[in-house]
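Going by the order they are written in, the chains are A, B, C, D, E and F; count residues from 1 in each one.
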Amino acid sequence: MLNKNVETFIGCAGEYADADIVLFGAPFDGTTSLKPGARFAPRAIRSESFGLETYSPYQDKDLEEISVFDSGDLELCFGNSARVLSDIEKRTDTIITDGKLPFMIGGEHLVTLGAVRAAVRRRSDTHIIHLDAHTDLRDDYLGEKLSHATVIRRCHEITGDGKIYQFGIRSGDRSEFLWSGSRTHMIMYGFEGLAGVIEALEGVPVYLTVDLDVLDPSAFPGTGTPEAGGVSFDALRRAVTDICRLCRVVGCDVCELSPTWDPSGISTAAAAKIIREMLLALNTRGKQRRL
Amino acid sequence: MLNKNVETFIGCAGEYADADIVLFGAPFDGTTSLKPGARFAPRAIRSESFGLETYSPYQDKDLEEISVFDSGDLELCFGNSARVLSDIEKRTDTIITDGKLPFMIGGEHLVTLGAVRAAVRRRSDTHIIHLDAHTDLRDDYLGEKLSHATVIRRCHEITGDGKIYQFGIRSGDRSEFLWSGSRTHMIMYGFEGLAGVIEALEGVPVYLTVDLDVLDPSAFPGTGTPEAGGVSFDALRRAVTDICRLCRVVGCDVCELSPTWDPSGISTAAAAKIIREMLLALNTRGKQRRL
Amino acid sequence: MLNKNVETFIGCAGEYADADIVLFGAPFDGTTSLKPGARFAPRAIRSESFGLETYSPYQDKDLEEISVFDSGDLELCFGNSARVLSDIEKRTDTIITDGKLPFMIGGEHLVTLGAVRAAVRRRSDTHIIHLDAHTDLRDDYLGEKLSHATVIRRCHEITGDGKIYQFGIRSGDRSEFLWSGSRTHMIMYGFEGLAGVIEALEGVPVYLTVDLDVLDPSAFPGTGTPEAGGVSFDALRRAVTDICRLCRVVGCDVCELSPTWDPSGISTAAAAKIIREMLLALNTRGKQRRL
Amino acid sequence: MLNKNVETFIGCAGEYADADIVLFGAPFDGTTSLKPGARFAPRAIRSESFGLETYSPYQDKDLEEISVFDSGDLELCFGNSARVLSDIEKRTDTIITDGKLPFMIGGEHLVTLGAVRAAVRRRSDTHIIHLDAHTDLRDDYLGEKLSHATVIRRCHEITGDGKIYQFGIRSGDRSEFLWSGSRTHMIMYGFEGLAGVIEALEGVPVYLTVDLDVLDPSAFPGTGTPEAGGVSFDALRRAVTDICRLCRVVGCDVCELSPTWDPSGISTAAAAKIIREMLLALNTRGKQRRL
Amino acid sequence: MLNKNVETFIGCAGEYADADIVLFGAPFDGTTSLKPGARFAPRAIRSESFGLETYSPYQDKDLEEISVFDSGDLELCFGNSARVLSDIEKRTDTIITDGKLPFMIGGEHLVTLGAVRAAVRRRSDTHIIHLDAHTDLRDDYLGEKLSHATVIRRCHEITGDGKIYQFGIRSGDRSEFLWSGSRTHMIMYGFEGLAGVIEALEGVPVYLTVDLDVLDPSAFPGTGTPEAGGVSFDALRRAVTDICRLCRVVGCDVCELSPTWDPSGISTAAAAKIIREMLLALNTRGKQRRL
Amino acid sequence: MLNKNVETFIGCAGEYADADIVLFGAPFDGTTSLKPGARFAPRAIRSESFGLETYSPYQDKDLEEISVFDSGDLELCFGNSARVLSDIEKRTDTIITDGKLPFMIGGEHLVTLGAVRAAVRRRSDTHIIHLDAHTDLRDDYLGEKLSHATVIRRCHEITGDGKIYQFGIRSGDRSEFLWSGSRTHMIMYGFEGLAGVIEALEGVPVYLTVDLDVLDPSAFPGTGTPEAGGVSFDALRRAVTDICRLCRVVGCDVCELSPTWDPSGISTAAAAKIIREMLLALNTRGKQRRL
């Protein structure tokens, strides 16, 4: 008898009950202001992941040795950001409640807010590590409070001062940089000081959000708002590996791939590889990683 | 002294005060469910329009002989359909109030609702002629009432039964076709009976909404939801020319070009040509056309 | 508990045991001589099918009322056409043995040979209806016997003279047209005489193979060897509907979509719509349809 | 010993001395005002021609039975239209002087002027049949006399009144249509009356220039200035076949393919097929065809 | 009353009378020998600039604090390089005469010649800083003196020996490198020695021309003649910032973006960011900067 | 009398008899598992090479001073890898037998096996230097022994242990890395130790195979299986220059460009430039280089 057509990220064909980590897609780009298309990212990443191997020579680990479940994409509505965030929050909450690590594939960056809400409700001392080209600290964007350009500002309203670490930032309004001040820890342009931050956060629950446009557009052209002068793939790979391996990550996401704009597929392949490295690095912490 | 860089639809460089018709763009695609990109249409159409001539051999008229003002694009927010519709309604209302004909370039089809609200408020007996591949008669789409897939259903709530004429329809849920029944006049696949409808609507205020996916995808590949088996360019050109020339059109729009998906630009060129023919045909009615 | 990520053609989410028709993909383009990419067709068609409705106004039927199972894609090797055909033959045979109708989504046209082998083994009087721009009657192509350019010649070796009906043909070597002679029934350019053929084949088991390049390239640009001067979408839609509704179809396939070459996606959408119409039309025959 | 890498149009690998027809490319797009890229046409057409067969079922003739020589592309300078035309004129003259038929593959439409100069110098009673969407009758374009938009006006200065037959025209300034008047024979939109023109031109030397944008953009999206509402491929195929078969053609060209804008390649394939049909039809006249 | 549709580079919506710097586009690519498309650059850069912020964290300055006027694109003819250069020269002269700094957005590199003519006429001791992958020192290209490949040679004819500084060069004929010798200062591959040059040029009027293909193609794929092995975005950003901040720049341009070839838009975004950084750095000199 | 249309790599228009190096194309991608298109590489590289100069400032040499013959592409069958390899082997053997250096332009990486067979048959002590992102050391791929993923494993069966040097490797199955062990010399990620290898191989016949996906995808997006984290263009340029200049290279190839996936053409331009540098560096050894 023939089987149904199951599509997962490479090496993530396990069962939910056994999984330590649960992938899900949030195919949303409703507040993207420049070039939409991030909705297509989860599906594209799954498909392109089969161009990778399950084995990482960087970490000498293999996805086939760990247990990840890919629960597919949320079916999100169009034109109502609040409802989208609510659906994301519920899915994240379910996964956390079941003692597993939620790993969301965006979608544009606003999706992070839904997952952060669920994570912080569970553990109010959750800190955020935020890798991005943009500050995302506006209070509103064309009058809207819920936007890819305001998402970290909204997260700050939940976490409070001093709990958000921003790396790689190279674009924003002057007022956003001023606002950051004592409220968020902001490292411009790269990952300087990351080792110290990881050390300082020992034992603290951390939500990691990766806006892939932190990468230089040469390595990652397929994104809605490319910003020249970013970090190299290897720099990002090392940063996320260290965070996932050494921090107590309680949830994470990878956002802002927009495969529409990159016919070569190198952006999708880079995203898939970053996800593979994160999955492998997260696994080293075992049960400890959970909330 | 050098001038500012003004960009208009070809032949529409007149002044607002003198204009009979006022163009504006509604660059919105927030509820597009399949492939976004209609936000780029107004700008692309203006640019591509310079590949056309201002003169139409079909009608033996020239845009340079009539008076159209291109007021540019609305600056619409992202992620809040209700506010977008409100902004569209206000712009439409301003134009009508100034005694001019509003001509909106979408954007996805939901934008029509904003313009229809303004038109019907002014004249409650406004009828709608709707050219489209899709019924757009759902009550909601994934729970949302405001959607490109529900827009004509929402318009019907404003106009009431029997005031909407749908042509070219070839796709929809079974329940939408059933719902139509005595509520809307639906002509499948083409424009059969259009002459009779035009005759029947003599003197009645008409809002014309053209979802360009009524065209066959071969003539119009650049759209979010291409539906095979549509009408030819010449069939659509003749239909809109007749409606604009013979009906008492009080407002109109052209929607659902998504230039992103058609690198050849033929969809944008077709849209621009349809708009030129509509502008030239609308002009024959002079003052009579206004509300 | 969360579910696995199942991907099917729209409206084909049933169970194998209940299904009358079983879809499967054959993502193979190993002998494509001009532009490869047909390997991507099954996945693209599934994805794009969600831009369609499950309901067909042409036939007033709905996929949700019939029972189709989508068993996903075969995992085919690269560089060995004989093994690929063997895998296709096995899958087809399993479906037929289970009393269901096999519906294959290619892939390039050579895949038909595997399915025909299984169909003819079950019923030796199986006839073939072949819709295509090209004769596909070469004896070899650059020395290879197994090729998209030889596939109907190979089928003829199985069926013998007079059992193959070719429609829409507009390209081939002079020698292929001469060879056809009394061996195959060839209708040039369109579907003239199709009604008579359907009548003549009453009760006879028929395998239907649709090379989508029978369509005019304007309606179907996404194919490896576009050939100008083809049939319209509606002509093909009517032809396949009549064949599937009126013939005793025992197996069928739809081939030669190559989504790589059509960024607009209209070719994929057309392919999906043809498949929907075929599935709905096949269903009218019920049990009778089976071998 | 290995051979040099010769690239020709399919089936045109003969020797110059034996050839009745000589192909050459004029890869020029220096006056293209909207979207450049016609410079890439000759090379693209040669490459794509191998997706065709040498045999035409429409005419039951084969390129392998006739003698055509493909002399490759002229190496034209950039930024100097006058020198480009001079180089084209020289090449055309050489071919005519050697008693062969020149068949030029453009390039944008201005290239026709160079070839027409050579043809008319040889036979002053040369008439022109011009298939195009655009009148090309402006006196200048942004001040320049040499332009794709003025080329037929310049040809008229050479031939004088009444010797130019224009078919398929659907775009131009009002002043161009007025200018045409008694100077050129203009048939709008299609090929009505072509048979009569062919009859009237019996024995008269004819230069045939085909601007491929006479085709509908659905069949031919890859061109610099697509103009909706054109003729079908089959209509153009029949027209050029009749002209080439029945007129005394002394030179011809096929222009305005711009493969850059059509990633599907259907425009290039259509151009190649039109060229094949022209080559096969030209051949029926044998020696008579020459000047 | 509604306004006209004004399109400017982000943050450059000021009035001409108040402006210190005046932007204008020169949409010309008439001598591009490989891949045309630079004509589309000015419009694409304006549009994409809205993906940037007006604020630069690199310089801690904001476009909203300075005064730039965007005067739109010149309407240049096609096929006549001399006239194009004359139009550019006039526009540049007007701006200089009005005591403002001309900032031209190309277009291909030949446009620089028009601006340099105006600048040198005003101040005969004007020096040129030239950032480029190519020497551009040929005497002619396929017989033409006016070409993107000869533009610096032509500039040298105006400035004389020793006044041109070339950086980043990595491609050219052997004869061009030999010719350079004592005539131009040429730094291969990067910006070594730039600080010394800036120091040496203190107080001297400098025209800065940036051929963006000096960037590595990974950071800037959208150009007519990509040349592997170029400088990074940050290296170029620092170089132009230093030159604009420290030299007495009397005119400048940014050339050779060809957005056609980069569907991701990262090249256009990079160009826009370079222009923003140049505008902000130029401003530090105030009145002193003017001729 | 006009000439045939000969197309060669830039500066390689010499005669076979005089040539030291003979280029040929192997347009094969029959075992490409992810994204096909490498078949288009040889033709694309020839065409794009005219965007380069024949002169290299890196080496201060010019292609016009050396003698290379471009013998065009092999006409390879489809669907039969064994026959393809046999044709490649024969061509390579002919060139070697004629005392010339074979330089193959792939095609996918499996083509290397054909050339290596010919090279090793001539000199059994031939060593291989292999630059690649992938190990290519599988024993089979989906059951097939002949695959781009197994090609170096197959080469090892010919050369035996210790004769293969792999550089730049960053992807593979764990089992491939383990298998490599004492059988091949594998340098991860870059070219560390290359100088030592070159020294150790003095006088030994070397076959150099360059899988261009060793480059970072930012510099080389146009390939079937892009793998993030690769080497820079300049690193590869220096590596191949050193190998070609200092080793006794008896044959070489450049593989895995797939121009289909890179509309910008920067991958093709990079490939052409690598080939130019290799040709110029190979030439320094003169007769000595030959087998």
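By our rule, a contact is a pair of C-beta atoms (placed from the backbone, for glycine too) under 8 Å apart; a residue touches a chain by one contact, two chains touch by 3 or more.
Given the structure is predicted, the values throughout are model-derived calculations rather than measurements.
Q: On the document's contact criterion, could you list the chains that touch chain B and likewise touch chain D?
A: C, E
Q: Just curious, how far off is chain C from chain B if you go by their C-alpha centres, in Å?
A: 39
Q: Just the number, please: Cα centre separation of chain C and chain E in whole Å.
A: The separation of the two C-alpha centroids amounts to 56 Å.
Q: Of all residues in chain D, which are in touch with two or more distinct other chains?
A: If we look for residues of chain D contacting two or more partner chains, we find 216, 218-219, 263.
Q: Determine which chains touch and list them pairwise.
A: A-B, A-C, A-E, A-F, B-C, B-D, B-E, C-D, C-F, D-E, D-F, E-F
Q: Please give the residue numbers of chain F that touch chain A in the complex, ascending.
A: Against chain A, chain F makes touches at 34-35, 169-174, 177, 188, 216-219, 221-222, 225-229, 261-263.
Q: Going by the contact rule at the top, pick out the chain B residues touching chain A in the complex.
A: 29-33, 36-37, 39, 75-81, 83, 110, 141-144, 146-147, 260
Q: What residues on chain B touch chain D, complex-wise?
A: Spelled out, the residues of chain B in touch with chain D are 50-53, 55, 57, 60, 62, 216, 218-219, 233-234, 237, 263-266, 269-270, 273.
Q: Looking at the complex, which residues from chain F come into contact with chain D?
A: Checking each residue of chain F against chain D gives 1-8, 16-17, 22, 24, 43, 46-47, 69-73, 91, 94-95, 98, 263.
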